[in-house]
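Read through the structures below before going on.
Paired with subunit B in one complex and with subunit C in the other, subunit A is shared by the two complexes that follow.
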Partner chain A sequence: MAIDNTGICRSCQVEYCGAALVICRIFLQAGQERVNNAVVPARPLPLIFPCTMENPMSFARTASAVVTALLLCVACERSGGNGEAPVVYRHAIDGIPASLDPAHAANIYSATLVVNLYDTLFRYRYLSRPYELTPNLAATMPDVSDDGLVWTIELRENVRFADDPAFPRGRGRAVTAGDVVYSLGRHFDPATRSQGAWLWRGKIVGLEEWIEAGANPDRRIAGLHAVDNQTLVIELTAPFPQLAHTLAMALSAVVPREAVEYYGREFGVRPVGSGPFILERFDESRAVLERNPDFDRGALDLAAEGLDPQRHAELGLEPLNGRTYPFIDRLEVHFITEPTSRWTSFVAGEVDNVMVPPEKSGQLLASRDPLRFRPDIERQYHTLAEPEAGFVFYGFNMANEAIGHHPDEDIDRANRALRCAMREGFDWQERNHTFYHGLGQVFPGVIPPFLDAFDPSLDASSTDHDPQRAQRRLQAHDWSPETLPRLTYGLEASVHQRQMFEQFRARMQTIGIPNERLRHRAFASFGDFSRAITGGELDLFLIGWTMAWPDAQYALQMFYGPNAAPGANSFNYSNPEFDRLFERAARLEAGEERAALYRQLNEMVINDCVHIGSLSRTRLHLWHRHVHMLPDREMLGGHFLRFVGIGAAP
Partner chain B sequence: MTSRFELLGFVTRKLAASLPLLLGVTLISFTLTVHFGPDPAHAMLGKNPTAADLAALQRELGQDRPFWMRYADYLHRLATLDLGHTETSGEKVRDLLARTMPISALLLAPGFILGTALALFLAMVAAWHRGGRLDRLITGVSVVGMSLSFVIIIIALQAVFGVWLGWFPVRGWAVDGPASYLAHVTIPTLAFVFASIGYNTRFFRAMLVNAMNAGHVRTARAYGAGPARIMFRHVLRGCLLPIMTRIVYSVPALAISGSLLMESHFSIPGIGRVTYQAILSGDQPVIMAVVGLSAVLFAVAVTVADLLCRLADPRIRLA
Partner chain C sequence: MVVVDWIAPLIVVAYVIAAVGVWLGLWADGWGEITGVMWAAPSTDHWLGTNRLGQDILLRAVAATATAFEIGLLVALASSMVGGLLGAVAGLFNGSRLDELILWLKGTIDAIPFYLFVAAVAFALQGHAMAMHLAMIVVFWTTTARVVRAETIRLGQSGFIEAARAGGSTHARVIVRHLLPNLAHVLLVQATLVFVAAIKAEVVLSFLGIGVQDSISWGLMLAEAGQDIMAGQYMNFLAATLFLFGLVMAGSLLADRMQIRLDPRTRNQWRTQIQ
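Right after this comes the complex of A and B.
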């Protein structure tokens, strides 16, 4: 038996803590010469001591070390010590989930855990790009009627909720279609404080009447009901092709009514689901999840998940093919908000992956265009560079007649000219290099490059920095420092955001907009910032938009008139023609016609100069070579975690 | 017996006198939080809400209730220690505090005790050798310590002990026994000691030097008393009041907010990290509970400091 510098006893696989090792080291270093013949140096910090009695001369000192270590390690032993070390994957994320209630899982941090604790009807294939839906809790993809209004979804059999005191005798029961109905319906109970109700409101037959009548889960919703335990029927008021995407979101995860009622408000910290893992521990530092023994989805079929032998060759996934997942016994998700701590924790081997802080990119990349990691980094770690499923951009408040829509056509045109001039005055490339380390991808409009509807041939001049053209525009519409409106630029209080404002203002100055015409207002929290946007207190603001499904409709809804603030249309953009086309596109299945409409809508946003943008950031991921996975969190959220394999480096 | 009653009366009077302070602090903080604090409703809304959704959520959060009713409700909750649920996770605030405060205490106590003791020792050495090389060295190192950013100290210690030597965890709080506690607390403790020792040493030295100029200390020296006897029996006793007051007064701030930076950098689930998250998300039950608790702790600290002063110097009347 020997304990090495990783803290693992090589015989019993017990993991010991660092403090015990330090004390052992002190003992052993004092007797280094006497025990040297029994010590095998280990890199980088040799700490291996013999637990046998091969060397009688060193017995006393070795025994002292062992006794000390054991005394200390009685309390710090972190495994069962039964000879079977659990397979643990330690995943680092850059934020803290506020709640584990699926109804609150609107951000990536909560979603990462929720989709591993609960089941969603659908999910995205692990490796397919572009993203493709596949059944998860559902047995097959939905059967949709020809008019697109009736969706029939069959559920898998023999799926069970995890055991929990919320159930009679503490034994989890089978998941039924009725649970899906309940889980979607509870979004409309005000007490749930749902963040996902907007996904289905107005789209399901009889839902509004049911809500009006008190959202009683014991009453039937006309268009959302279980035919039997395995069959769910959803009747829509109008075709909604994106419905399947909404049913892949963490917000739609299936919860048992017993647990919601048993735990009440505390359901957010006491999850009871049917996902691949069960929560063992959760605080502001980490969540520890154990494998759910009742979870059985058969074997991993890499071909069905979209394996591309060439593209995924480096990931070492093939040995996992045909094996029953999840492959790990324990999933630890560490919440590390400080970028430096996240990086040092990864380098020290305390976590298995890292989303690289952008400021570290210079040390890791051989080139930015094309994006390539340094060869030694690629040898040492698995690497992934992928664009985020979202983008950042500036939006104007079109409800402010000083810069937005105006009933007088001449003024309306002049306002548009001012907005366009500001867009031309802004320099996205400079922004990219100053704040995103040159890793962002600048594109025109609001359809990011990873979507099918993205048009690579679209004129990109709306993202060009052209101060002369901007000045000509302003002059042509008689804008002068005296006539320019005073604009309020909103930002969340941080040095970073303030620097961005100063950069923006400096660019505007070069086209003739004096500093005093552009003032900033800082807000302590996102809630306050959001309230100010909703209240029309800001004329210009930088926001980020994360795509929840891989369809341009999700981005274009930001400009749909009926979604005006407090809805997604924070800009209060109003264009009847846009709304008409959007409604038409929203009913279409994926295809050329819909893509063409999306592109037309995108061009309308660009031509009306509603926004200044956009830029998609690039995420750099590293993970240790003994971990076999594709940690794409963008659309998959945390779904990929069930497929993580741990083993020897390929 | 009389002394005991006197003491009890003093404590009762002090705590009673704290009531207006508590009411004032809670009223001001409640007003600020409600009217100028972060808005939880907008932070909690989904991506595409309607005005009706917003209104319903505001009703659910009680934002439509009159201010004084909400304040009275808050005071009642504070008095009965029924602090409600957090707006974000739904966890009981009382449970949240019970879970996080001991972690913060365990995190900060070693650094606080070690840092204070070490600073006092260095201050005594510097004061004894006032004007000498040792004094200049200690004072100089103290200034360097004060000049170093806490964040830099943390990053350097993480790099040396966590990454390079690999002796201790870089971050986290996987504590399930004394050994893992020692492992996780060591780097934060070192960071705390490094960051606080400069300020404390300078302050303590100034107090000690002042006390060393007193006549009774000179008399003791004239009698041939040794350095230890002079320092501990005459000098330290002479300046015990300001030192004790400083130490006691720093406890409430330390307990609530002092751990914020450390808990963020080391990803430790203590009260500082929770409070920071609550401020960002506008979680008013948590913010108000922490503010109320801070006020209570401060009132207790004032009482304890006065009591200790009385015990240290009987000339002080318990009025």
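Right after this comes the complex of A and C.
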């Protein structure tokens, strides 16, 4: 930061930093007088501040002037450059991102930030339900060949990466189709340790050969290449209708090669993208993002985003229509894992939104069926109560021969009986009542109710709490306290997670599994917990799966053999018949045949007792009335944050 | 005065009985079982009500007494032994390199923030159940050693130590036969203080999630209470707080009385007061 004689702050280009100049002048004058012991006319200020210091005696005063002037300049800068207070939105989330590298953005916490720092080719429309894709970095929706194998994607023009020292002269450059190729390709470089490679593995022509040849980004991938700076072509080995959805995920965000190479291992905390915001600060407590001045996607078209005047009337979005987004100068994302702290921060006005902790629901809801907030709460805050686009469930590590797959058929059957007994011993209704406001929806399998493939007629006995049946099953397979394996239950260190473990253990005790056979292992962060799952260190774990696209395939791929850890198949479930049917379904367009296959796959997961589940939560959101948004993170991840408006309450 | 003198020991005895009963499996064995509904009010079935999961709060508080005693006793015993021995050695060899080494070690350990140290030890031991115990022993022996060293230096100036040395006693014999018996009152009082401090530290660490891992503790109950209070439920908080307060207060009073009664410098004064 520097101020010249014209009074322009060189950093922020603010015209009025006169106060800094005046103070500087006074200090310099006083110093000059004292040194010479006589009144001496002030020297003209040098062209660039800080002023030159010919006389060492004036150093302290000059230094004071420098500091004061810099502070004033910073103040000018923070005021958005026009003397007005910056528009800030403070968003609270319930977890801490381990990395901001798109290749590691496999969870909602990282994805929330990544999609605001980087661009994805597509995104979901802000307000449309059911969810609909729309171009983002892409100029239009993809042009797909008749056989579904060749995808041509045009990129927007004049999209730039943010300025960063990684670029020559620190000036960001245009985003090209080559960057998309590089960004997808780096998932297959072992050094990247990508958590998203499984999305595209085996699906792109020539990709396997390219990987085997060393995944050299300078070598061309036969089926993934840039025709020119704006045109990308992807050739698939088989039809993959969900490809566009994968290109809306944070994992597919476009990164510049220069930054990846410049920052190396630090790239995860030094993001350089073309998204609506630039990272200013990132630590364990929060991330501060500033508006990217080079980001220009035109004006917000609420009709195109799916505005329903009736359904969205209360949100106060209309004044934002036709204005260029993002509408805020600064986005602060606060990581507050403890529900109590999150609630108190919200009530104290330290953050602008909250996902209501279950403990508070009784005090906020007027009725649960139909779901309605109390009138005074609705007057005070914006409210949202919507089922999540995902679910929670317990998974078993099928790679552990003590409870999972076993080459010996008899032991394999006994292991299955143990898993099924644990499933029958667990009580989902109790869990729902205790931890999810009693508003969650328990369903069998892994196809949640909001998907087309959900089968309401599916036998729900796999979600029943039936300890007697569980005990009979254990006895029939000669399981006793002495023969039961010692299992490690993983959890992220928090009061809720620990209580859930105690509840689970208590239920297992009622079917004859002693406490000492079920030990828990706590992890300080979700990232550590996630790594332990993929590393096969845990036998049993409770996880939430948020759908990244509205198709059952996204849930079922968790059980697809080639997706084994570190891919999405954290259970290491291996069933050739499942894989065969899954591959068949993956090539099909939406329709009855695909839905039938999905249902068949779902039943296989249920019959093999690979998981204990599932429950789809209903999330209750509150946000202050001066904030205008629809904070639906379910499918959108953090994409909605670019549309947040701050203003007077409607 | 005499009544007040007996209150603290009586309370401590009550806690000891509670803890021993848990260890023997006589009561509070089912502290983890779900025996009621969510947040049930106090009743004859659940004297202090139930928590969020429907577990009996009184059972959990009593079971946590055993946890507190286990940690308090183990840490007090171990840190008194280590601190007593190293303090006596440092005092006996006052001014030597060995003394300097022990002082340096004490200073170094004292310079590390306690909770940071415990977290580091817990991480290094990969969440081992004894990580917290070990960290506390490593930290708490220094205070005992400092007091014992000072007392040893004072005793060393007494004639009987010199007489024992002149009589050909080895250093080990001097420490075991002459010094430690004369340091017993110091060690006893210090052990009581460490016992109380260890219980308080355990509660704080468990509250923070780096303490007790596979058992129940007042700290864990307080952490749960933080969520319960949002829903207007206070029994978890009250039970854990009162149980902790009772033991810490009684332990501190007991340490004070022992100090007065066992220290030769104050013992006679106390007797005169009693008479």
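Note that the second predicted complex is superposed on the first by the 393 of 650 C-alpha atoms of A that agree within 3 Å, B and C clash if a C-alpha of one lies under 4 Å from a C-alpha of the other, contacts with A are read in each partner's own complex, and residues count from 1 in each chain.
In this section, a residue touches a chain if its C-beta (ideal position, glycine included) is under 8 Å from a C-beta of that chain, and two chains touch if they have at least 3 such contacts.
Just so you know, these numbers come straight off a predicted model, no measurement behind them.
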item: Which of subunit B and subunit C A:499 touches, first, second, both or neither; value: second
item: First, second, both or neither for A:195, with subunit B first and subunit C second; value: first
item: Contacts of A:340 with subunit B and subunit C, given as first, second, both or neither; value: both
item: Touched partner set for A:98, first subunit B, second subunit C, both or neither; value: first
item: First (subunit B), second (subunit C), both or neither touched by A:525; value: first
item: Partner chain(s) touched by A:362 [first = subunit B, second = subunit C, both, neither]; value: second
item: First, second, both or neither for A:434, with subunit B first and subunit C second; value: second
item: Shared subunit A surface residues [contacts with subunit B and with subunit C]; value: 338, 340
item: Residues of subunit A touching subunit B in the complex; value: 5, 17-22, 44-45, 72-78, 96, 98-101, 104, 106, 190-191, 193-199, 201, 264-269, 283-286, 334-338, 340-341, 344-345, 347-348, 350, 524-528, 530-531, 534, 548, 557, 563, 566-568
item: Subunit B to subunit A touching residues, read off their complex; value: 38-51, 53-54, 56-57, 59-60, 85, 88-92, 99-100, 155, 158-159, 162-163, 165-174, 176-180, 182-183, 186, 264-269, 273-274, 277, 279-282
item: Subunit C residues within the subunit A interface of the complex; value: 32-34, 38, 52-53, 55, 127, 209, 213-214, 220, 223-224, 226-232
item: Residue ranges of subunit A in contact with subunit C within the complex; value: 338-340, 343, 357, 359-360, 362-363, 433-434, 493-496, 498-499, 502-503, 505-507, 509, 515, 519-522
